[in-house]
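Input: a single structure, listed below in structure tokens.
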Amino acid sequence: MTDLAIPLFLVVCGIAVLLVKDLMSSIMIFSVYSLMMAIEWCRLNAVDVAITEAAVGAGISTVLFLVILGRTKSVDEGKKHINIPALLVALGVAAVLLYGTMDLPHLRDPNIAPNTHVVTPYYLENSYEHAGQLNVVASILAYFRGYDTLFETTVVATAGFCLILLLRVRNKKPGTLDSQKIGVTANKKTPASIGVKPTATFPDVLDQDKDIIKRTVTKLLIPFIQLFGLYVIVHGELGPGGGFQGGVILGVSIIVYSLVFGFDEAKKRMSVKTKDLLVSSGVLLYGGIGVIALFMGGNYLQYGVLLPDPQFASVVGIMGIEIGVGITVAAVMMTLFYETVRIDAND
Amino acid sequence: MIKHLPALLIVIPLLVAIITPIIGRLHWVLSWYAVTITTFISFVISLLLLQTVLVQGRISYWMSGWEPPFGIEYAIDYLNIYVIIIVSFMAFAGAVYSRKNIDVEIAEEKKPLFYMIYLLFVTGLLGMVVTGDIFNIYVLLEIASLTGYALIALGKKRQALVGAYNYLVMGTVGATFFLLGIGYLYLMTGTLNIADLSARLPEFYQTKAIFTAFTFIVIGLSIKLAIFPFHFWLPNAYAYAPSTVSAVMAATGAKVAAYVLIRVMFTVFKPEFYTHTPFNLQYILLILAVAAILAGSIMALAQTDIKKMLAYSSVGQIGYIVLGISLMSVTGMMGSLIHLLNHALMKGALFFAVGAVVYRTGLTSIENLRGLGKKMPWTMAAFTIAALSMTGVPLTVGFVSKWYLAVASIESGMWWLVPIILISSLLTAVYFWRILDNIWLKPAPGDESHEHGHDSHQTPVKSNDAPLSMLIPTFTVAVLCIVFGVFAYAPVSLAEKAAVILLK
Amino acid sequence: MHMDIRVILTGLFLVIGCFLFLVASIGVIRFPDFFTRMHAAGKADSLGQACIIIGLMIYSGFTQVSLKLLIIMITIFIINTTATHYLAKAAFMKGVKPWMKGNKYGETDPFAVSSAANVVGKKTKAKAKR
Amino acid sequence: MIELLAKYNYWIVIILLTTGLYGVMARQNLIKKIIGLNVFQTAVLLFYVSMSKIEGGTAPILINHGHGPQPLFDNPLPQVLMLTAIVVGISTTAVALTFVTLIHREYGTIEEDQILELNKHND
């Protein structure tokens, strides 16, 4: 029965997220929801996914939501009413889903198609001989379906570049309106008749007062967080971990640093230009290893041909791409934070 | 290197796209050169692949060296190569066209990043068409959509942002339905490779879960394809995007979604699946297609903004493609595949021409096109050719596909479809004639014409044609509309080979 | 599960830990204003998790797992207490006045969860308006 | 009854999917819509991961260097697919939030009905 406790809690959180009026509380409930989802996945033995969900789902998206909420100043929702057509469509989808689950196999049943069909047993047997990975999830992610992960990293890099493209504004040329520079015509004064008042710019909460406790604790903690991030990246082959989770932890450590010590201090550590370069270099490293495999005579992303001993070659290849993924994800997490918070602060 | 061509078709644009912002730091034109050369290389590679496909029939490339059901496989046959050539050609034309066009529409320091996102958009589309693994289609669908949202949001007007936001919400809901459908398929069969899936699915055709999987995948894809009830995001997205983006997206975006729909409906699910389904899917798709054709044409009539009008007419034309699919006969499939090519060429030429008008005058409402015939003769000539082929005038490419669709509907006994095709062609003729009449026959507002009456005083229109780098792609695409209309053998034979394999 | 001294000790620590969490959550609900609620929540973060982790360490004996548990305990100790401090400081700077004897539940706390406070707040505001 | 109980994870997924979908369609506030979208996506992730669990199976990490008899493992493939889906989800959320910021800068509001009204004003 304990298996049912957390899913029920998830359902309660999911419904509460949408029913609660206040935006701030719905974001808080949403971060609890993703944390509980990560715990549920831990119970279902999907540890890699749980770490990623906790780091990305609960961590980064809550930070993003709060920053954007701070920017847009909208506290309460407008009038609340039950939207009948939307309800009907949602219930229609639910009906089709219910219709579908009638002859789906039982949960936790060992002899359903995915476990008996030739694909998964092959992965379990060949994970160590060919890929040299004890963590089968890492070997599938990096080697058997490595091409998927290349495009996964590209999606992350695209999100980072999209934010730079849309949000980054060249430092304020005197006299030009902020929005003119990003090529979007703006009329700041929305007509009063709609009852919408233009909002003050984002309060400059980022210029920290000199709070000793906060600074010393952060100075104490950041090296360990970064060490842990590197450990998670490199540890991918033996236990749960990998490029994504480690990259997010590294990115978060820089975000905490810039939150506590302010932007100009953080810019000394990690300037904006190097951050953009890092976003590209991670994906280039990943793609480059694939191209090297091409030159060595194998197919694209075939690590076995990189060195004479195929197993050791694939361990080296997979380590390379995990580091590439880690670099890109860390740089993109920092970009997500820098670009959204920094619109009004000058460049 | 010939053996690795399928992989290189995607890897070269991907890696060059990642380098573009770094090159762009020196000078933005370098990133334009990089993008144009890469799209040209992709086009050349697709022609080489066409050659090997014509010889071998089916190419199978094993990613990271693992044989298909275990690793990801690139399977290219006639259908794939047909769509790849369309996508890479239109991407190349768009890249050439964008050089001057984005001067007007995008701020200076944003251009290198624009080219990177544009090239990633093309990579996403090409990747979706080439791959033989159903989850890989989802990942590349996400890349193509994410870059699409960002490109649309670069439009000058503030409605572009709202359009991009709505497109993002609907697109993500669609992609997640697609993911849910894949989950059901995987749960029942245990494999993700398309060839393996289509081999293992027949024994499950009666089960309810597979029918739900099919429903969710088709709903997800029809949101991406903007079939009639799910088309709400398309008009705002195409109307307010920069002209290059709306041209390339109209020409290639919907086509790739149509390709995935065809691939799912005829390769993953064999045609005899449709006899087992509880209610007849063919009629549902047919009704949706007819609704799309009529609604698209009628709504296009009601528009004043020319880009919105072209967007609504796209909804109508997508209805034709779905009509061809729903007839489930070889000729019907041929009609839909040829219409895929035709719509790409026609809509591309139309949006390029409108982009040239925006470049010169900056206005997109239909009244402002008055008298442009004299001022921008070449662009308007291309516009007229494309407009004529949209209405399906013989000797143009529009006529070929409408002909095959009409023949297919008579063959499958649904003769009532032919009048519908004629009516919608008539409607297309009406709303294009309104514009052509404005362009050629009406005098320009600023002229000292003897026309009395309350002429609204527009800003005097500059009296020269679009720059050369915009004119050449516009004109080549328009001329191709006629070339493939007259010498229709090449596309028709390829479409026939693809249709025969799909429906045998 | 034979009842040797290790299992008893673990059980004891776990019970204490859970009791502290229970007390903390009751405190968060019952206390009238921001600072007292923060004070109650602080209890769970520091002592509650310490007891639970010590219990688990006893249970897992002298192995690598208990070393990792020790590191977790120290990290939570440092991070959560600093977070509580910083939250209280931010609230104070934002002008949240502590609850005095006379005023009503959640009256001095502009950030009180909207649903609970509004219900009570309306009554008090109505009274204050008169 | 056992039949019903054995599939409880599907009911959880269905409820969350419906809530998320309703949230996306019904809510006027743009940020609330994105939260609904995330709930919708995480529900599909839960569907995949609950597919990979096997009764009595442990996490798919090979023991004593891959030699010798291995215990019963859960199915690793859905977990790999979900790593991709989570990362895609966060990227879409980040881009969506960028649009919300820009819409707020242009329109001054992020309530959808007010935005439509403002659009009608100068269309």
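Chains: A, B, C and D, in written order; residue numbering restarts at 1 for each.
Convention: a contact is a pair of C-beta atoms (placed from the backbone, for glycine too) under 8 Å apart; a residue touches a chain by one contact, two chains touch by 3 or more.
Note that the coordinates shown come from a computational prediction; the quantities given were computed from them, not determined experimentally.
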item: Most heavily contacting chain pair (counted by C-beta pairs in contact); value: A-D
item: Whole-Å gap separating chain C and chain D, where each centre is the average of the chain's CA atoms; value: 30
item: Euclidean distance of C-alpha centroids - chain A vs chain D, Å; value: 12
item: Distance between chain centroids, defined by C-alpha means - chain A, chain B (Å); value: 31
item: Approximate Å spacing (C-alpha centroids) for the pair chain B, chain C; value: 57
item: Junction residues of chain B - those touching two or more other chains; value: 135, 139, 142, 146, 149-150, 153, 158, 161, 186-187, 192
item: Where chain A touches two or more other chains, by residue; value: 97, 101, 104, 114-115, 119-120, 123, 145, 148, 152, 155, 158-159, 162, 166, 182, 184, 186
item: Set of chain D residues in contact with two or more other chains; value: 17, 21, 34, 51, 77-78, 84, 88, 91-92, 95, 99-100, 102, 106-107
item: Inter-chain touch pairs (all); value: A-B, A-C, A-D, B-D
item: Of chain B, residues touching chain D in the complex; value: 135, 139, 142, 146, 149-150, 153, 158-159, 161-162, 164-165, 168-169, 172-173, 176, 179-180, 183, 186-187, 192
item: Sites on chain D touched by chain A in the complex; value: 6-10, 12-23, 25-29, 31-32, 34-36, 38-39, 42-43, 45-46, 49-55, 57-62, 65-66, 70, 72-80, 82-84, 86-95, 97-102, 104-111, 113-114, 117-118, 121-122
item: Touch list for chain B against partner chain A, complex; value: 4, 7, 11, 14-15, 18-19, 21-22, 61-66, 69-72, 105-107, 109-110, 113-114, 116-117, 120, 123, 127, 135-136, 139-140, 142-143, 146-147, 149-150, 153-158, 160-161, 184, 186-192, 200, 207-209, 211-213, 215-216
item: Residue ranges of chain A in contact with chain D within the complex; value: 3-4, 7-8, 10-11, 14-15, 17-18, 23, 26-27, 30, 33-34, 37, 40-41, 44-49, 52-53, 56-57, 60-61, 64-65, 68-69, 71-72, 74, 77-78, 82-83, 85-87, 89-91, 93-94, 97-98, 101, 104, 106-110, 114-115, 119-120, 123-124, 127-129, 134-137, 140-141, 145, 148-149, 152, 155-156, 158-159, 162-163, 166-167, 178-179, 182, 184, 186-188, 190-191, 194, 196-199, 238-240, 242, 244, 329, 336, 339-340, 343
item: Chain D to chain B touching residues, read off their complex; value: 17, 21, 24, 30, 33-34, 37, 40-41, 44, 47-48, 51, 77-78, 81, 84-85, 88, 91-92, 95-96, 99-100, 102-103, 106-107, 115, 119
